[in-house]
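Shared between the two complexes below is chain A, which pairs with chain B and chain C, respectively.
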Partner chain A sequence: MAKPSERVITIPRMGTLQLMLEDMFARLDVKYIMPPPSTAKTLEVGVRHSPEFSCLPLKVTLGNFIEAIEAGADTCLMAGGCGPCRFGYYAQVQKEITKDLGYDVDWIVLEPPKKGFISFLRTFKKMAPHRSIRYIWRQVLISFEKARHYDSIEKRLLHNRAYELEVGASEKAYTEAIDILRPAVSKEEIAELAEVALKHMDESVAMDKTKDVLKVGIVGEFFMLLEPVVNFDIEKWLGERGVMVDRAVYTTDWIAPSLANQVGGLSKEEVSKYADKYLSHTVGGDGQQTIAHTVLYVEEGFDGIVHLMPFTCMPETIAKSILPKVSKDLDIPLLTLVVDEQTGKAGFITRLEAMLDMMWARRAAKAGHDDWIPAGAGTH
Partner chain B sequence: MAPTVGLPRALLYYKYHAAWDAFFNHLGVETVTSENTSKKVLNIGLKASDSEICLPVKVFYGHALDLGEKCDYVFIPRIVQVEKGSFTCPKFLGLPDMIRAVDNPPEIISPTIDVRNGRHAIRDAALEVGRMFTDDEAKIVKAYKLAMKALRKHEKDLVKENIEKTPIEKLKSLIGGNEGNKEPVLRIGIAGHAYNIEDPYISLNLIQRLKDRGIEVVTPENVPMKKIKKAAKDAPKDLFWNYERDILGASYHWVKNKVVDGIIYVVAFPCGPDSTIQVFVEGYAKKEGPVPLMSIVIDEHSAEAGLVTRLEAFVDLLTESKLSAQGV
Partner chain C sequence: MDGYLGIDVGSVSTNLVVLDENEEVVAKIYRRTQGKPIEAVQAGLTELEDLLTEPVNVLGVGATGSARHLTGVVVGADAVRNEITAHAMAARHAQPDVRTVLEIGGQDSKVIVLQDGIPIDFAMNTVCAAGTGSFLDHQSSRLGIPIEEFGGIAMTAERGSQIAGRCGVFAESDMIHKQQVGHPTNEIVYGLCQALVRNYLNNLAKGKDILAPIVFQGGVAANEGMKRAFEEALEQEVTIPEHFNVMGAIGSALLAKRIMSRTDNTTHFKGFHSADFEYKTSSFGCAACANSCEIIQIAQEDGSEKGDVLARWGGRCDKWDLAPTSITQA
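And then the complex of A and B:
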């Protein structure tokens, strides 16, 4: 095992998490290796070594760790948790597995601050042993603020893509916008460059804002929402078919669910306000949020909801048991997509296409045409 | 006619029925406990529940909806934390809402049981329920006390203090059926949730099958809580699930003190907590024992034939290793 100051840290891949941690590690002079982008092979490696019935995020992130260790990382940084869902044991399970595979690596588990703020901070110090806790914390906060902006830029992409005149133009602008913000170091620079980046998203792409678009909200388990390799990048698929997409959670919302300035997330009070009629208690993971966001999207006039979840996910199975009632009561088309390692993109696309047809038909019906299709017809 | 409250014979009924019976009894409320799980009950559950939910929750739907037809209310408490800092399964947190989301749901009584709600959390929950039936608060408090007493007695009755002290050879005379037989007496620990292993329909009669062969069976509920807690300290992380802590602690205890010849881990498909804990228990049984461990995954398609074959093989394996250990 490496000496603390010579560690080479790695993390699992998940949406924009890389961007945030690259920035943070640079500030703290931490050596790191990012796992290569998740591919079908990553999934295969993860699945091969995971317990059969563990949930997909555990398997994919295990694949990330193994690939990064093979590439030279010697310390795995993983988030912890204190229930009620099994996410809190991922790190321990993955540690056992990598040990059994003969990898000699250290694990740093970042338990949530509510388990003790000081030990939360000390965990960071393990990564940067020569820095003061005070300094580390300041840098973490700045990095986090920057990450909020990364998320806002991504959100803009999901909204704008539906209006682009040339397919792929928003995506290109997104990559450029991230590069604009990336070099920002101080708080002032971050604020300034974030504004430039967002402006770039809006102004460098030719868009037809008068276009009639469908609005679809994506809800479900956070990892499924944030990591394109497991959701087959359906946001892109929808966007390119003229659908304005909004997502219930962004990386920073997940990291700090109760703080202000959420990009897509809801506060505890809001979750309760929108979900309680159907699910009046947290059920771990994102189960109650899924219900809350669904209700809120309906209030905001969305045309349909896509619910994404890993196979065997407990909180989302609870949500899935309740969503048919929500869909019926609120008259909103809803499609639950359950993903496991055998899921193929083709099946998803067929069902999404059917849903698009139905949403357009409902639009037409509302506008006075007669081909009305009842809500719930796309629910599975 | 007095109002009736239905108690679904499923899930945490297996842990807490002593308390529920005593509580409603003292209040003079008539309770109706659903019949044993059967094909009929399961089918009601399968029809009403989401296909991805775990088997015992599907079974629960069956019991609850069946009772809904027969009673005024169905009792489905939301059991969140019974010990500070450790949760039950997420499914128990959402159970009342899941049942409410079916077409034509029964009327449900669902107090929240969460010890984080203050020192008198459980008594307050009892008061909330009791007030539906009487204005006599003193009577409700009395009913609550009787319920807790009944529960403690029930739990104590299940504990078998001296299991590990019984020399395994002496067992022969205790359980009988093996006299004159050269086979050694086996003791098998069944790890798993009471609502799975004690429900003969769900578990395909596992416990009785073993007993019929003259095998002694022990379950986590037979292990004293002190020993469970002590053994569970060996877990790679403090367990934030109460019932799984018990399963893991009991299994660790069996392994560490070599009090069983083998362990059968019964997991319902797809159970989140068990699939996680199982990894720890399997690793521990291998490294600290080794104690042979067999996992059985059960779902609504589980067939008797498959179980029987695997049981035979496992029992043979245990018998052989015991014989060779005894130098036979």
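And then the complex of A and C:
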């Protein structure tokens, strides 16, 4: 096993997590290897070595760890967790699996601070033994703040893409915007460059803001929402078809759901406020959030909701059983997509296409005409 | 005569219709796809033309079904739309006040809920065979009774045998057990219809309001036993439209008509004899990222070595995707 000071740490891939940790590791002088982008192979490797009935996110992130270990990482950093949901056991299960596979690696499990703030800090100390706890904590906070901005930039991408005149322009601007913010070190720089980056998102892309777009909110289990390899890059697919997308959770919201300045997430109070009528207690995972966000999207005038969940996910199965009632009560089209490693892209897309047609038809009906097809469309 | 062509190509069946200006069916074809969508479309077009009593001037073409994009390229479609929208459109055409569409085909099954003529909810099953026509196909060959005779036999049964199991495999072993303990064949056959209906309602239609008027369509609607089983389970009347097995094609023709009616464009239809072209399917591996996708492409022979590439698909990303731009802009 690696000596603490020479560790090469790796993490699972998920949304902008890697941007945040790259920044944090650089600040703390920690060596790391990021897993290569998740691909079908990653999924295959993860599935092959996971218990059959474990959740899809466990399988995909296991694939990340194995690919990173193969690339030279010797220490795996994984989030822990508590509560009724299985996520809390991921790290333990993955640790056992890598051990059985003969990999000699260390595992560092980051338990949420509410399980004990001191041990939370000690975990960081484990990664950067040569730094003082005070220094570490300051850097972690700054890095997190920067990550909030990464998430805001991503959110802007989801909003803007529907209006772009040239397909792919917003995505290109997004990559550039991330590069603008990346070098920022101090708090002041971060604030300043984040603003430049957001401006770049809005100003460097030719957009038609008068365009008639549909607004779709994506809710569900956080990993499904954050990782394109398991959601078939749904946001891009929708955006390129003129759909303004909003997502219930961004990476930093998931990391620190209790803090203010959520990018897309809701505070505990807000979750109960919106969900209570349908689900008044937490069911683990993101089940109650799914309901709350759905209700909120309706209030905000969205055209439809897409609910993404891994097959066998307990909290989302509960949400799924409640959502039809919410959909009916609030008169909003809703599509639940259940994904596992066998889910094919074709069927996924067919359902999304039908959902789009349905939303356009409703829009047209509300405006008093009977038209099932958006203006300018012949095919998807 | 002016008309519209609709083509629905799924993995099991391919169907085609010609509608006249009044949206009436003037010719229809229902055939097997047998894993060869292009051949099925080409042959289907030729057969369809033979059925026409007078030449039809095609004003628009729609394609739907799981092979809709490919079909769109091969025939030159003006509207390429998903099969859920197509089935809803056709059901409403057959019964304007329809509230629920039950559709069971050989490859998949759907439920679509409409309100005031527009779809408000749907579900589609493409995974579990126990909820599709292939369930009955399979059991019919086990029993040695042609599937065409299933309906008639089921109707003679006073009641159905209780065939247990949410899954095709369990249902099959239970069916064999019932046979061995001497249940009459007609009760077993009807029991199988009930099992399929039960699976459909418990899985696919779970949480959906099944309100009347209810339309039952898709190839499996040929089986009267299924209609009976649905009516008993839902305690409501279920209507089977005249052209129940080609509803996807009808829907796509209707969608093509709508799309054409709002543009001045002329159709992209290549003619009933697009069947005369030779197509070459080939594949290659993409090495641009670790996904190593297998990309499939279809080319029309034009004398050159590679031919004129018409469509490409199969990648996890859209790097190679090639859909006919002419119809995206229609």
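Things worth noting here:
As a working rule, the second predicted complex is superposed on the first by the 369 of 380 C-alpha atoms of A that agree within 3 Å, B and C clash if a C-alpha of one lies under 4 Å from a C-alpha of the other, contacts with A are read in each partner's own complex, and residues count from 1 in each chain.
Methods note: contacts are C-beta pairs under 8 Å (C-beta built on N, C-alpha and C of every residue); 3 or more make two chains touch, one makes a residue touch a chain.
Predicted, not measured: the structure shown is a model, and the values here were computed from it.
With both structures placed on the common chain, the touch criterion links A:A346 to chain C but leaves chain B unconnected. When the two complexes are overlaid on their common chain A, residue A:G287 makes contact with chain B while staying clear of chain C. By the touch criterion defined above, A:K41 lies against chain C but remains apart from chain B after alignment on the C-alpha atoms of chain A.
Touch criterion met: A:G88 reaches chain B, while chain C stays clear of it. Contacts of A:Y135 after superposition: neither chain B nor chain C is touched. In the superposed pair of complexes, A:S321 makes contact with chain B and with chain C alike. Residue contacts after overlaying the shared chain place A:F117 against neither chain B nor chain C.
In the superposition on chain A, contact is made by A:D357 with chain C only, not with chain B. Comparing the two complexes, residues 321, 324 of chain A contact chain B in one case and chain C in the other. The touching residues of chain B, counted against chain A in their complex, run 49-50, 52-53, 78, 80, 85-91, 93-94, 97-98, 101-102, 112, 236-237, 240-241, 267, 269-273, 275-276, 278-280, 283, 297.
The touching residues of chain A, when paired with chain B in their complex, are 51-55, 82-86, 88-89, 92-93, 95-96, 100, 278-285, 287, 311-315, 317-318, 320-322, 324-325, 338. Residues 36-37, 39-42, 233, 321, 324, 327-328, 333-334, 342, 344-347, 350-351, 353-354, 357-358, 361-362, 365, 370-373, 376-380 of chain A are the ones that touch chain C when the two sit in their complex.
Within the complex, the chain C residues that touch chain A are 66, 69, 72, 77-85, 89, 116-122, 124, 126-127, 207-209, 255, 258-259, 289-293, 316-317, 323, 327-330.
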